[in-house]
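Here it is: the structure, laid out below.
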């Protein structure tokens, strides 16, 4: 039993922290460094990415042999949290969604040829990527069995038609992973394909406007009408689509938690600064009992989220699927992010509701946390069944999965 | 004991409802009808206001003799709720904040001359108004004792210097009520002044960018440097500023509740439509137990909010200050608005988070509800002391105030 | 729109309040006045009941013609709440469950002969009654379709076998209403029977020990093995059992709410007294912000519960079934009772957890509120469907039911 | 970073688990094995304790050299949780409060002579102990500065007068630690004394009746009127009373958490069994979405509580005071115990509210969790200040305390 971070990982954490403080936080208040979608603008980003890469703080989730830092999940957790003390953080270290999940996936299941062609340019930062699975009604949203995008067999490959939406990053992605139906088999009916944005047969219908600030490339609606993909660009086997999704999803969900913890921490920092100075009715806000209770609850929520996330990361590092652990972390940390942003806004009052701080950016961003990668309600069954999963009780100290 | 609305008021409610459905809701999805601050654009607004005025649905809170509908508070509650089924509703009927509170105030405490000069043009819709009280730190936020804006005696009037912020509607207001310090007396140190935007000695420093959609005229930061106001433009007596604030605040808080209930109802309507159609995992969303529980809780919250609001309105109509009743309504309905917007977004999923519906507009707007007119925490003392206020217990059925 | 109680009803409320203060509250701390099931002992009870009857505070829910006070539901709400400021209150005024629901039912659907034989002695206080419907697994709990107790046709009547449990008051009841299956028809398969405790063919298997203090007669498990009931003792028609249940249940649920509000108010009174005196860390508890917030939330919950209860009572008085209104009240007031007892215990600390006050009595009693008459979860569907029930929206001001 | 339990500790955990299942759980349903205070009766207890001692599952918190198992806090956490799957568990392994905290304290700060005289008989199980600190109003409750019990210097010792209450276990304790005021110094005014029950000058005024089942010896009110204690029986130095309290309190709070987790787990086991079998409205309860959500939330709360408790235990084992960690665990696990008992009762319905299971025992017991060892509100300040405690943020991965 050991809750400490190994020194090598703590060193990375501290270097990431310093990098964020020195190079990224100052950009948040610089209107020129922000694009029209409220994210870091490309020129500033290019400069910061070069710097991060030079310092070896780059692609933490990718094996050393493939050009990344080769961090275990617990190391990623520590680094991601620090990276996300800034709203601009993750993309600067090439660990923003959906690229990080796509890289992890390709590194895990891609063939050598696929790694060379599709993965390497994402790792190096030359291109961005997307993962196109979700469909508008009546297609497949949270239920993959409803996916309607069809891939029809042609000579040497597949011809794909259908519609996707809410595809994060699609507006700037060059390498896209696409999920389509290749048969009606309930377990083996889906297949994952790789294609390049310049291939014909598809288009971006629109960039869907959303409440929150956007990842680079936004959330797009895509139409496929005859996109042709060769057999070499099938990821894993035909019919393995669901498996691809599951392999990608566990760690991807957990990296969301890691990022959200960083943003949560940032919210409390802003609130602490404010209540330490602002007075009302003859008393400093920080000295009010109601303020202390709110801050205490938010601080506890962060600590809890971190423990759940670290436990799940450790379980993944030890070869478990950790489905329960990831679900617990996801549900809790999504709530924590909202709690911390909401608490900080309430404590900062009108200033918190204004755009004078990044709190409102985070508050809007936070609203999607309970929706992405499985609505909180969808995790209920997983968690309800978790109890008694092991022969000797809910949680075996010695084995995370069994 | 009678929970029914008198027929004459119910008729106004139904006509308002029909007007919103026929003339205002269609504009919500028309990009051309929306200005850059996400509110209804002036040309569309002018057309709708003329129509509403022609139908006699205009200035409900102003006495008949002064050109309004002369509705009691309970009638306003019914009409406001219907008006606010649209995000564009209140301003169309000249019952948007802060105009409605300012009109009610001037009709109550203004001299005849003040009514003619300052009130009449707001009632007719010729001009807009603002109420400038809140100051940036270290000035007076929720604590009026901290107000620093100073009025110094000059011949025949006052000379005012200081700074205000978050002044709703100031960007388009012509008639402005300004709170300033005229002495250090803790109870009688503040005085309310009236001035016209074209008077020299003040300026709008900036329109403060906020998370939410804005009322017309935004939330502005104002600097006063020598604004001169004549004695005729002092509202009530010198030293009566706190009294002016209290007279304005009770009903103004309650009209927020009325509007928020309309928006809350609208959120549930959108969610109901969605869950009635969308399916997943082989079941219609509306048939899922978790969905029904969420909708049931939200529907209960609206009913509760309406009862609290109506009780407070009735108490005000019967000559009580109803401070406790208004505080209870304010705290509860602010939470209800968030709950309903949040619930609807969760149920509509990605669509709810997108700008394809008005839900995200309402969600962002809702965040200020727990901040304006007294943070929810500030109402605690009022409510804690409410219990046992009457000789025979917490709430005397026969007397709302005592 | 009128939230005031008519003077005649307010007078009854005040007389009930005074009676409780003068005659019942003093008994709470008298160990000799309490029986082994933590309720008022029979000798003390007999004395108090005679006094209440003499003052005309007796059987409020029964029509004047049948010997009661003939109060409308809104009047009952006011009187019940006051009666239940004491844990011993309701039975003293002959308005304890299940007698009050049984009296209301018999007065509504009984034949004249049935009223004379079965109802009159309950109204006068000569006998007590019970309503035997719930069965142990795998019989009918919250789902009446699962009821297994069978009535078989014999000459001139019915012969009944089966098992019931959790039958409130059965230990002292002389007149019992019994629900049994007379056919397999899903809508018309149940029938209600009346029998006297001295009839052969049944027995009390055990008095089920429970967490909370008990109503007189406890919660019993009953076995039926050949109880014979004549046709004259069928309540309403054969096959009308479900209808009988529904007629009884609406008002019965609401009277729970009325009682729970009285207990809730009592909890706050005890807490207020305590925090007004006790100090810690140099400050009176009543002056702590966290204490004020807790008390304010509890006081709001009571006010909300009272409004929901009164609205439902008024709707019932006006001939509506008020199913939605009753469900909303039941769910909310059950939570309120727990909240108030829990809050008061937390504020009173060790003293609140001890038996030195009635708080712990109420806390244990409160736990059944979310279980009886439909678990809170079961009301979800009712409430979810409430929205949009009327042509013009969730809640029509003019009509409570439609 | 390692979330696994070392094999030696896991072995103890599994042996404890088996012991509970084999020897203690069967006694819960045996009325003869329960005393009038709802705890295990002395004859059964004596038999079980002998068995546990024989298996080496005895006094886990005491060093090997002093006759205990010498477990680190993380090992205690694992064993305590298993021990408390039964409501009778802890005392069987000599790890019930307040004995375990007293043993830990005496082992830590006692002189060799004090260990021989006062500690050894508790470790061996010959005698029980108590810790007398809390006083009735207006004395010292949660605020030790208000302690009024006075010790006056006499030749070779001290003479003590005053009053204590809520002293757990005092009814059966032979060795008692008593806190009294020896001066008015705000930091050094309290001193801890040791005395034997047979010494003259004190008496048990009453055993305070409480809502919940009682530890052996109950919660007593004590009067001191001239108890004389020799200098040899002063624990630590004169004036070190507050220090004694703090040394005892941190680990003692955490052992509450360990026990509460075991009870929480037990509640879920009972609920799982019930919902797996019981049906209603044509569906097994375990298949209802609302049931799954409830169980999932409760299971998550247990996992969270366990992580907080283990983290704090690990920090204590590593020489930190872990004040923040213990506070977080205490607040969260107290809520978890209530949540799990409450959830299980709601799912089991009438059966859950009856005494047919141990749920109601646990529910009543749980209510004191938010009161003992610091009301949840009192921990607020500790937690609010936790954020930013370390130079580089709220929680330093590498160092638990700093």
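Note that the chains are named A, B, C and D in the order they appear, and that numbering of residues resets to 1 at the start of each chain.
Simple rule for what comes next: contacts are C-beta pairs under 8 Å (C-beta built on N, C-alpha and C of every residue); 3 or more make two chains touch, one makes a residue touch a chain.
Bear in mind that the values here come from a model prediction, so they are computed numbers and not experimental data.
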Between the pairs C-D and A-D, the one where more C-beta pairs touch: A-D
Of all other chains, the one whose Cα centre sits farthest from subunit D: B
Separation of subunit A from subunit C, taking each centre as the mean of its C-alpha atoms, in whole Å: 52
Between subunit A and subunit D, centroid-to-centroid distance (C-alpha), Å: 41
Multi-chain contact residues (two or more partners), subunit D: 289-290, 293, 377, 380
Contacting residues of subunit A [partner subunit C, same complex]: 288-290, 293
Of all residues in subunit C, those that touch subunit B in their complex: 1-7, 9-10, 13-14, 17, 74, 78, 265, 268-269, 272, 286, 289, 291-293, 295-297, 299-300, 302-304, 306-308, 310-311, 314-315, 328, 331-332, 377, 379-388, 392-395, 397-400
Residue ranges of subunit D touching subunit C (in the complex, touch as defined): 134, 137-138, 141-143, 145-146, 165-166, 208-212, 219, 277-281, 290, 342, 345-346, 349-350, 352-356, 360, 363-364, 367-368, 370-371, 375, 377, 380
